[in-house]
Amino acid sequence: MIVVMKSNATPQQIQHMAERIESFGLRVHVIEGTERTVLAAIGEKREETKESLARGDGVDKVVPILASYKIASREVKEETSVVRTGSLEVGGQNIAVIAGPCSVESEEQILSSAKAIQAAGATALRGGAFKPRTSPYSFQGMKEEGLKLLALAREETGLSVVTEVMATEQVELVAKYADVLQIGARNMQNYALLEAVGKCGKPVLLKRSPSGTIDEFLLAAEYILDAGNPDVMLCERGIRTFETHTRFTLPLATVGYLHERTHLPVVVDPSHGTGIASLVTPMAAASVAAGADGLIVEVHPDPETAVSDGYQSLDFAQFEDLMVRCRAVAKAVDREIAEAAVESV
Amino acid sequence: MIVVMKSNATPQQIQHMAERIESFGLRVHVIEGTERTVLAAIGEKREETKESLARGDGVDKVVPILASYKIASREVKEETSVVRTGSLEVGGQNIAVIAGPCSVESEEQILSSAKAIQAAGATALRGGAFKPRTSPYSFQGMKEEGLKLLALAREETGLSVVTEVMATEQVELVAKYADVLQIGARNMQNYALLEAVGKCGKPVLLKRSPSGTIDEFLLAAEYILDAGNPDVMLCERGIRTFETHTRFTLPLATVGYLHERTHLPVVVDPSHGTGIASLVTPMAAASVAAGADGLIVEVHPDPETAVSDGYQSLDFAQFEDLMVRCRAVAKAVDREIAEAAVESV
Amino acid sequence: MIVVMKSNATPQQIQHMAERIESFGLRVHVIEGTERTVLAAIGEKREETKESLARGDGVDKVVPILASYKIASREVKEETSVVRTGSLEVGGQNIAVIAGPCSVESEEQILSSAKAIQAAGATALRGGAFKPRTSPYSFQGMKEEGLKLLALAREETGLSVVTEVMATEQVELVAKYADVLQIGARNMQNYALLEAVGKCGKPVLLKRSPSGTIDEFLLAAEYILDAGNPDVMLCERGIRTFETHTRFTLPLATVGYLHERTHLPVVVDPSHGTGIASLVTPMAAASVAAGADGLIVEVHPDPETAVSDGYQSLDFAQFEDLMVRCRAVAKAVDREIAEAAVESV
Amino acid sequence: MIVVMKSNATPQQIQHMAERIESFGLRVHVIEGTERTVLAAIGEKREETKESLARGDGVDKVVPILASYKIASREVKEETSVVRTGSLEVGGQNIAVIAGPCSVESEEQILSSAKAIQAAGATALRGGAFKPRTSPYSFQGMKEEGLKLLALAREETGLSVVTEVMATEQVELVAKYADVLQIGARNMQNYALLEAVGKCGKPVLLKRSPSGTIDEFLLAAEYILDAGNPDVMLCERGIRTFETHTRFTLPLATVGYLHERTHLPVVVDPSHGTGIASLVTPMAAASVAAGADGLIVEVHPDPETAVSDGYQSLDFAQFEDLMVRCRAVAKAVDREIAEAAVESV
C-alpha cells in the first residue's frame, strides 16, 4: 500500500502516518520525492488499514498495490480451475454451452427445449424457477414446481441443470433439484446468499453485477470460495453504461482480463448482454473468440409467446445456427464445442 | 405502448401485430406515417406485453408510455408522503437529518455519537450492526450486540434508530430493535428482502443501487408498497459512472425528478455519494438546496480509527458545521432543520 | 414523433399541442388512452420540432420514432458500402487490417513497420503525424515530416496510408499525403472538421467518441456524407464506462447493431479499446467473429521504447500471431483476411 | 511514479526496470514487499515515461503519484484566480450569473433577453452565434450576424458577452465581438482550438466534456494556460452516464473537488446538466450551495418557440425566480449574488 502525502504535508503529519502504518503491524518505507513524500506500507494489506490511513491529516490518497482477493487469484493457483458436474464441464479444452428458456413455463416447454438444445450440442440446461423481476407485477416463476420440471428434464436428457437461487431460504430447496446454483447479477453482493451457496455443496455460477468492478466481482467469488466451495464459475453478462441501444454493454475484454487475474473459469451470457435476439449469435461467436470457457444462452420454443425475455431468446433453429457458428470459431481458436447429435443435423 | 414497425414491414406483419395487441386485451390504433406504420396499444400496460411484442416479426421497437410503478406514482397521490416514527419525520416542512457511525463499534462509541449528533440537531441515529462488506475479510459488524447498543442509545437520547437489514432471516431481529429498516444499495433488487420488509411493520429507507435506473428504483419501492408497507423513504446515494475521483457520482437532479414522479420522500446520502470527508458538507448543503427531504450522514467520534468508512466520516465538530450550514440553506429554500440544543452551541 | 401528455393535462393543453404540431406542417393523430392522451405527429421529423414540442405545457415527454440520420441509414441503401482506395478495401468479403505505430517516429521505424505488417497480411498502414495528446507536455507528432515518411512508406510497400487530421487548417496538407483521413474520437463532434473532410476528396475513417451514442455517431457520419463524401468508415474504439481495468470498454455488439442501422462499413480498434497489449489479439479475434469489416491495430518495432501508446502496441511477432488467429476466425465466419506474404511465414 | 512488478517477476526483470527508470533521469527506490517488489521512480513525471514503463516485462501496473497538470494546480497558486472582464467577475466573493438564449435568433430576441436577465441580476449575457449541432439538419446559428447582435446587446446593457467558438478559423472573428470565448463540451479536447484561444487575448470558459475525467479537464485547461492565457474558467455541465431521465448527469461534487485541485474558478451549467426546465432552478441553487463561483443558464423570451434547447430554457419569470432563490442560498453560504435592478422587482 502506498500512502501519498500532500505536497504541503508537515514533517509531523508524515511522522504520524509512519507511526500509524507501523501500528497496523506493517513495515514502513519513507520515500522523499522531489515534490512530496510517499510512504510505502509493507506487509499483508487489509481493507480497514487502507480506509483508516486515507483519513489521516496531510494524506492525499492511498493506493493499494495488492489485490484484495486471495483464493480467487491466479497468483495462488496457476492453472485454470475446471468445474465438473454431470454433463457439464467448464474450464477445460471444451467450451461449455448452457442453454434453455428464461423461465420454466410448462413440462412441454422445458422438455422440448432440453431436447432441442441437447441435439444442437449444448451440455447443460438453464431455466428459471425463481425469477427476479424488476416489477412486482411481472411473472415471478413456477418456484418448486419449476424445479421439479427441470429435474424431470435432466432425467429425460441427462443434461445438468443450472438455475437461479434468489434467497438464502431457497438454497436448500434449489440445491435439492439443481446441479449448479446461479447467483443472479442483482445478487452479486448479497453476501448472506453468497455465504449460503458457499456451503451448499453444489457448483455456483456467479453473475457479474451491472455495476460491479472486477475487484468487487472477484471479492464476491471470494465469499463463496472462503465459505468452502471451490466450484465457482464467473459469468460476464454485461454492464450498465450510457448505451441504450442494447440492454447492457457486453465488455468481452473482461474475459481475457479475468483469465490473467483469476484461475476461475469464465462464462459469457450474450442474451442478457445484448437484449436483442439478432445480436446474440454474433456476440456468442465473439465470446468464443475472446477466450470464454462457456456460454449461457436463452432459447425458447416460441420466443414471441415467452412469459419473459422473449425479445432476447433464440428459437431452436436460431440456436442450432449459433452452435454451428460457435463450433467453427472454437476450432479457429484451438478449442472445441461438443458436436451436435446426428439426428439434429 | 407504441409499437414501431420497421419501414419494410409487410401488411401481414402489421396485421399480425395488431392482432397480438388485441389478444392481450388492449385496444389497437393503427397510425400510418410517411415512412413507417406505428401501432398504439391502449389499455393497462403490462411488462410481459411489452417484452412479447418487441419480439414480433417486422417490429423495430416498442416504446412504453406509462410508468410501470403504480402505488409509488405521484399520479395516484398528489401530496408528498410523510414518514413518521418517534423522533424522525421525513417528507414534511422540516428536513430530517439521520447521522451516526458507519458501524456500531462499542457502547462508548455509539452513545457519544448519539449525544453529539442530537446536540447538533439530528433527528435520528444511524449505525450498522449487520455490515455488507465488499471483502469477506473486512469487519462484518457486531450483529445483534450492535442492535442492542443502538436500542440503548435510543433509550438514552430518544432518537429513532435507522439500521441496515441484509437478509430476510434478519428482518424479524432487526425490526425488534430498529425504528427504520434500511435496505442497502447492493440489495435494492433483492426482491425476497423487499417483500420481507414490506411485511415488517416498520418504515423502510430504500437506497438506490449504483446502477439502478429511476424506474428500477421506483419498482423496488413498489415491491415494498405492494407488500403492504406504505412507509418507504427513497435514498439517493450515488451512482457508478466513469468518475473515479469520488467514490460514486451523486446526481442531485434525481431529487427534483423523483419529486415529480413519486409522492415518496427523498433522502440524500452525501457520505457514500462522495466518499471524501471534505466534500460531504458542501454536498449536504447542495442536497438541501436541491429539495431533499432528509440527509443521512456518517459521523464518528474519531474517523481516523473507525473500523469502516473513516475516510468519508465527519467528526463531531465537522458535523456541527454541516448542520449550521445546512440549516442556513434550508431557510433560504423555505424549509427548516431542527435547531441545535443550547448546550452544543 | 409521439407527444405524450401528462395524465392531468387539460383539454386546452391537448388542443394547443395539436395545433402546434400542425403548425410545423405535420399531421396530428390524437389517441386517447385509458390514463392519458398521446398525440402522434406524422410527417418528416425535424430535431427543432421535437425540442420545441417537449417544452409545451402539459407535455410529459416527446418520443422520436424516426432516426435523425438519413444518408447513413440502411433504409436508404440496403447493401453495405465498400470503401476502396489503393491497397485498402473495407466493407466487402475480405476483412481489412490497418496496422502500424501510434506515432511516426523516424524513417527507420515507419519503413520497418510497414514492411512487417505487409508481410503479415495487413492491407493499409496507420501512423500518426499530428497527434492529439491529453497533455500539452506530451510528444505532439512529427507533423508534415511525419506525413512525408508515411508517403515514403507507401512508395516502398504499396500500402495505403491512414492518418489522423486534427484541425480544418490541416485537412489540405494531410489529404495531399494520405489515402484515408482519420477523425479521432475526441473530434467526432468537431463539426467544422467533419465538414472539411466531407469536401476533401479522400475516404474518411470516423472514430466513435468515448461518450458518443449510436445516433450521435451516425449523425457525425451524416455531416461528412451530407458534405458530399460517400466514403465513410465507422470505427468503434471503446467507450468510457466505470470500468478502469481496461483503458476503455470495447462494446462489440455495436458492430452488429450498426450493420442493422447503416450501410457504412464498421472497423474495430482493439488497441485503444483495451489499452493493454495482451488483450489486443483476443479482442481482435472477437471483433472478427462479431462481424467487423476491418481492424485497426497499433504495431511498433519496439513497443517498450515507443514515444506513445507503447503499452497497447504489439511487436511484429505478436502482430503476426494476431493475423494468424484472426485469419482462422475470419474463415470460421465465412470471411477472409489476406494471406501473409510467403517470406513472413 | 510507482512501478508495481508482478509477483512472479524475475530479478532480471526488476533490475531491467530499475535501469529503465534511471535512463529517464529519474531516481529509483526499490521496495521489496512480502508478495512483490515495487519500484518508486522519483523526479519529475512525464506522461511518456509512464506509458513506456507500463510495457516492461514483469510489470503489473504503473501508478502515477503526481498530477499531470502544473500551471492549473492549486499547489502552484493557493488563492482562487479571479477572471474579470467588463461586467463579469468570476472567482471572487460574488457569484457570477451568465444568462441568455441558447442561440441568438433576432435583434428583438437578444435585446429583450439581455435586458430581462440584467434586470434580474445577471452579470453577463450568453448566446450562441456559431452552434455545434448534433444533426447537420438542425439550425447552425446566425454566425457573424449573431455576433453583431450580441455586441449590440452589450452596447445597450453594458453586459459582457460570452459566446462559443467552434473552430480555429473563427477565433479571430469571435474574439473581435465577444468578451469571453466559450469552448463547448464537444471541443474540450480539440487541441488546435485550445491553443488558438490560448493566444486570443480574451478570457475562456472551458466546458467539461461529457466523458472527460478531471485530469483530462485540467489538462485541457493546461493547454490554454500553457499557450499564455491565464484567464480560464472551468464549467461543469454534466457527464454522460447510464441515467436517461436527465439529458446529462450533473455531478456537483466536482465543484468542491476542483477547488481542492486547482485555483481556476468553477462555473456550473444547470441547463445542459439537466435538460429539463423544471430542474434548472433547484440545480442552480444546489450549485451555489456546493460552492460554484458562477452559473450559466439558458433563458429565452418564449422557450416554446426557441429554435434550440427550448425544453431546458427558462422564461423571464422563471429566471427571476431562480435568481431570488439562488441569492438567498448564496447568502446562506456566505457568498453574494448581485441584487436585481429595482425596476424588475
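For reference, chains read A, B, C and D in written order, and residue numbers begin at 1 within each chain.
Please note the rule applied: a contact is a pair of C-beta atoms (placed from the backbone, for glycine too) under 8 Å apart; a residue touches a chain by one contact, two chains touch by 3 or more.
Computed from a predicted structure; not experimentally measured.
A.B. asks: Spell out the chains that contact subunit B while also contacting subunit D.
C.D. replies: Touching subunit B as well as subunit D, we find A, C.
A.B. asks: Taking each chain's centre as the mean of its CA atoms, which one is farthest from the centre of subunit A?
C.D. replies: Checked the centroid distances; the maximum from subunit A is D.
A.B. asks: Where the centres are mean C-alpha positions, what is the separation of subunit A from subunit C, in Å?
C.D. replies: From the centre of subunit A to the centre of subunit C is 30 Å.
A.B. asks: Averaging over Cα atoms per chain, report the distance between subunit A and subunit B in Å.
C.D. replies: Computed value for the inter-centroid distance: 26 Å.
A.B. asks: Taking the mean of the C-alpha atoms as each chain's centre, how many Å separate subunit A from subunit D?
C.D. replies: Using C-alpha averages as centres, the distance is 39 Å.
A.B. asks: Identify all positions of subunit B at which a residue touches two or more other chains, and write them in rising order.
C.D. replies: 211, 239-242, 244
A.B. asks: If we count contacts the way the header does, which residues on subunit B are in touch with subunit C in the complex?
C.D. replies: Interface residues on the subunit B side: 2, 4, 7-8, 29, 31-36, 38, 40, 42-44, 63, 65-66, 75, 240-242, 244.
A.B. asks: Residues of subunit C touching subunit A in their complex?
C.D. replies: The contact residues of subunit C facing subunit A are 211, 213-214, 239, 241-246, 249-253, 255-257, 260, 273-274, 276, 278-279, 282-283, 285-291, 325, 328-329, 331-333.
A.B. asks: Could you list, by residue number, the parts of subunit C that touch subunit D in their complex?
C.D. replies: Subunit C residues touching subunit D: 20, 46-48, 51-52, 54-56, 68-70, 132-139, 166-170, 186-193, 209-211, 215-216, 219, 222-223, 226, 239-240, 277, 303-311, 313.
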